[in-house]
Amino acid sequence: MLKGFTVPKSPFGQAALTPPPPWHYAGDAVGVEFWTDPDATAATLPIGLSRDPKSNGRAVMMFLDWQFTAQDDEYLDPARYQCREAFILVGAMYRDVPVMWCPYIYVDNDAALACGWTQGFPKKIGSIFQTRSFAASGPAAAPVASGSRFGASLSAHGQRLAEACVTLHKPVENGLSLLSRPTVLLRYFPRLAAGYQDKPTVNELAMSITDNLTVAGAWIGKGELNLPETNGEELHALAPNRIESGFRYSLSYSVSDLKILEDHCS
Amino acid sequence: MLKGFTVPKSPFGQAALTPPPPWHYAGDAVGVEFWTDPDATAATLPIGLSRDPKSNGRAVMMFLDWQFTAQDDEYLDPARYQCREAFILVGAMYRDVPVMWCPYIYVDNDAALACGWTQGFPKKIGSIFQTRSFAASGPAAAPVASGSRFGASLSAHGQRLAEACVTLHKPVENGLSLLSRPTVLLRYFPRLAAGYQDKPTVNELAMSITDNLTVAGAWIGKGELNLPETNGEELHALAPNRIESGFRYSLSYSVSDLKILEDHCS
Amino acid sequence: MLKGFTVPKSPFGQAALTPPPPWHYAGDAVGVEFWTDPDATAATLPIGLSRDPKSNGRAVMMFLDWQFTAQDDEYLDPARYQCREAFILVGAMYRDVPVMWCPYIYVDNDAALACGWTQGFPKKIGSIFQTRSFAASGPAAAPVASGSRFGASLSAHGQRLAEACVTLHKPVENGLSLLSRPTVLLRYFPRLAAGYQDKPTVNELAMSITDNLTVAGAWIGKGELNLPETNGEELHALAPNRIESGFRYSLSYSVSDLKILEDHCS
Amino acid sequence: MLKGFTVPKSPFGQAALTPPPPWHYAGDAVGVEFWTDPDATAATLPIGLSRDPKSNGRAVMMFLDWQFTAQDDEYLDPARYQCREAFILVGAMYRDVPVMWCPYIYVDNDAALACGWTQGFPKKIGSIFQTRSFAASGPAAAPVASGSRFGASLSAHGQRLAEACVTLHKPVENGLSLLSRPTVLLRYFPRLAAGYQDKPTVNELAMSITDNLTVAGAWIGKGELNLPETNGEELHALAPNRIESGFRYSLSYSVSDLKILEDHCS
């Protein structure tokens, strides 16, 4: 009997792309909240989501440095269990619930890609970097303090897809409003059999569930964001019209479940 | 209406990991045919496949340099549409049909990973290299000729998983016997919802279909293969007991269909 | 006594970035010959070179897939002894000799970078790809034939620096004129001691020497080249005004010597 | 007049591998202090250094996550100005001064490689990872606290060269003894001209100078270290006989100078 949560299934379950959940994450986030063309965000929505009349065109671009682990101290193998990620969330409505929808996401690690796909994050491989904050002070240390600046960038296949810069002004007092919404995702797996290539095997609207979400050191300030036009991508269609803010925080959470909202195959 | 064969679905279908099929491939293969512990190959078989009494423990390790394209001259963007791949095939029976089963496969490109998953190839990201043959002669050119040698290696997350060397003896006259069998694969997509994590959404036994298979310049000779023990992988359980041969050839084919043999979810 | 041609020097000389010369190379080249602003090419020239009145602003952008080896069958370890390279050459005069000067070059391998520095190639790390030609025919095979097209690209640190496309028209009959000139390089190694940081330890004008140069399958045709503006690079200052041609060929040669033209430290 | 501290020299000095010094660094270090075969450490010493009778065979293996900047906020471009590094230091004597000597060092960034060469660090390209500590608590956060564990690894060209694990016991009170010694390096640049390939152009014994060294959060505890045997490297000749300790700390410093001890070319 083959073992493993994902492929490759194997005799001992050691070869799978990821150990079984719960998965535990800790990371640093640099992000920019902004407004883009409302038609552009609406055009990314799958069946089951609709425009949010109050946040039409509202979006957040996030860059994350992650460390993750399952049940066997996987974080002690950092060549496998660290990753860098960048994604965009846009405001939307699921029935009468304000939500965030993730149209595009990039990560530099295949385990993270596989975990993401099972949740409905449409991950592609990319190269992501953010300015880090180090404990020993000096011109390269980027302390978490007023006036500190953090750059970030995303590239894929040698093309620059996003560049951001955040200048911290003050600690966040009331939480980051947009991020308090639940995230809605599309679990999707196509069918290759001839005649059925437009009839996916899996096509489920899902809602992300995060356990024990912890936020530390959240600061808000000025944001800058550039989404250059590139081939083979559509992220640039969401380029900012107006920047709302920039922010940085540390976070951790666990994932052991997923809520399926609608099955569009049935 | 979102477009795209795979995620991410997008307004124009340009962001998907891969364009829709048919997919066309051209490449060079360096491989080693060998015998390993029959219990080790049998232990990798999914439900629906059984031991082949005539080829128990027979296996092939393949290294491939690929170029691929769909309908829009994608091969002119080689940063996206080239990849290097390594995989192992083991002999098995599907009912009374002798087949090859692919337990492990690695590739260095996310489009190739996504195409593979839809077919049932359990692809992970790896780093793969093979000695190439160049047209201008000299000590580094590795001509396709008697006595020429071709090295190959596979690594993942900084660990060396396989090393091979092939010495060409003579052109192949009657085809490579094992590779004439059809390849059986497992299309598998897990469920993350709590309580259902051992009940995959997709669990289909599939048979690969290749159109217009063309082989050129096939040579056979001596093979060497080393599968070192590593963490987080089970490839080394298939380490060779005895080498049958080494070979090298160029090949091309197209993929536009897949045959589903059994649906193990139903 | 430590051994090794380059650092790191070690007890057995096995740790050095590269084995000692002679170094043997075999590869495929895709290139575009073009004309740019003569002041821009002149601005890249080191002391000792001057404008070539007959080829002011003439330049060639080259993309190469290389395999290399020294005396111990290093080409059988393709993870170390293959590399992809891109560089630009501009026309210039060394005294009364028409030469090519290499202002910028990128490679994806540290051994190749070290070999290059010892010759005077100012190599940086980049990510380079070119469409390959495969022996088994099909839509992805890119045969070397009239009408065939070859794409190429160069990126560094996630920014796209160059994109090219070549369409083959006919075999080259009389050689590629510009490439018949010798290549002049700057061997340069800075000094870090305070007060001497503008007084390099090595500052030599050198001329590349290639033994046993072999060219095969040279074709010429149409070229396209784009050098986008990027941060931290100056390649884009040499963007084409007019394209002369595109070409593709295979080549091999060996390196065992270098001619020092002038020592600017003395 | 071409500008730039290193190659490539260019009209505006923007293309050089690194901006001119001073260079400012901030980072996190995970390290293991150990004892190896005294003959093995002695065999790595260049002319000018001799065995330290008191620390024969003493060595430190270090893994570092770095951020660096020069005068123009380069740290805001983290795709270029972050790097991961691993190196080994061994105890030695320079005349009557106890020093550390760096025989082998790996880094994943070409700017860092170029800075290193100018100082005498014999850098090669590698892939380096260390467990990180994140501010938001949870199973993946690895706090700097008693009992916390930090893994680290080094690979090059797909081979694993080093694996370490450190378990923190207590804050360091008196500094890390071995690291209080100055580091001695070999600035070395070979000559390629035939007949002179064993007569380097640069062959200087140098002593590293660090300004404003700041250490924060230093903890000491248990160390584990594995240096597997690999091809094309000699690091494994320094494999531990006995582990002294493991440690982790944050540090920052600047580099604007280098002390040349001896010129072995003159």
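By written order: A, B, C and D. Residues from 1 in each chain.
Note that in this section contacts are C-beta pairs under 8 Å (C-beta built on N, C-alpha and C of every residue); 3 or more make two chains touch, one makes a residue touch a chain.
Predicted model only: the values in this text are computed from it and were never measured.
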item: Farthest chain (mean CA position) relative to chain B; value: D
item: Copy-to-copy rotation for chain B and chain C - C-alpha atoms, rounded to a multiple of 5°; value: 180
item: Distance from the mean Cα position of chain D to that of chain C, given in whole angstrom; value: 30
item: Chain A and chain C, separation of their C-alpha mean positions in angstrom; value: 39
item: Chain C: positions in contact with at least two other chains; value: 77, 79, 127, 129, 153, 155, 158
item: In the complex with chain C, residue positions of chain A that touch it; value: 127, 129, 153-155, 158-160
item: Footprint of chain C on chain B - complex, ascending; value: 24-28, 65, 67-69, 73, 75-79, 82, 127, 129-132, 134-142, 149-153, 155, 165, 212, 214-217, 250-254
item: Contact set on chain B toward chain A in their complex; value: 2, 5-12, 14-15, 17, 20-21, 43-44, 46, 77, 79-80, 103-105, 109-110, 113, 117-119, 122-125, 157-158, 186-194, 197, 201-202, 204, 231-235, 237, 255-260
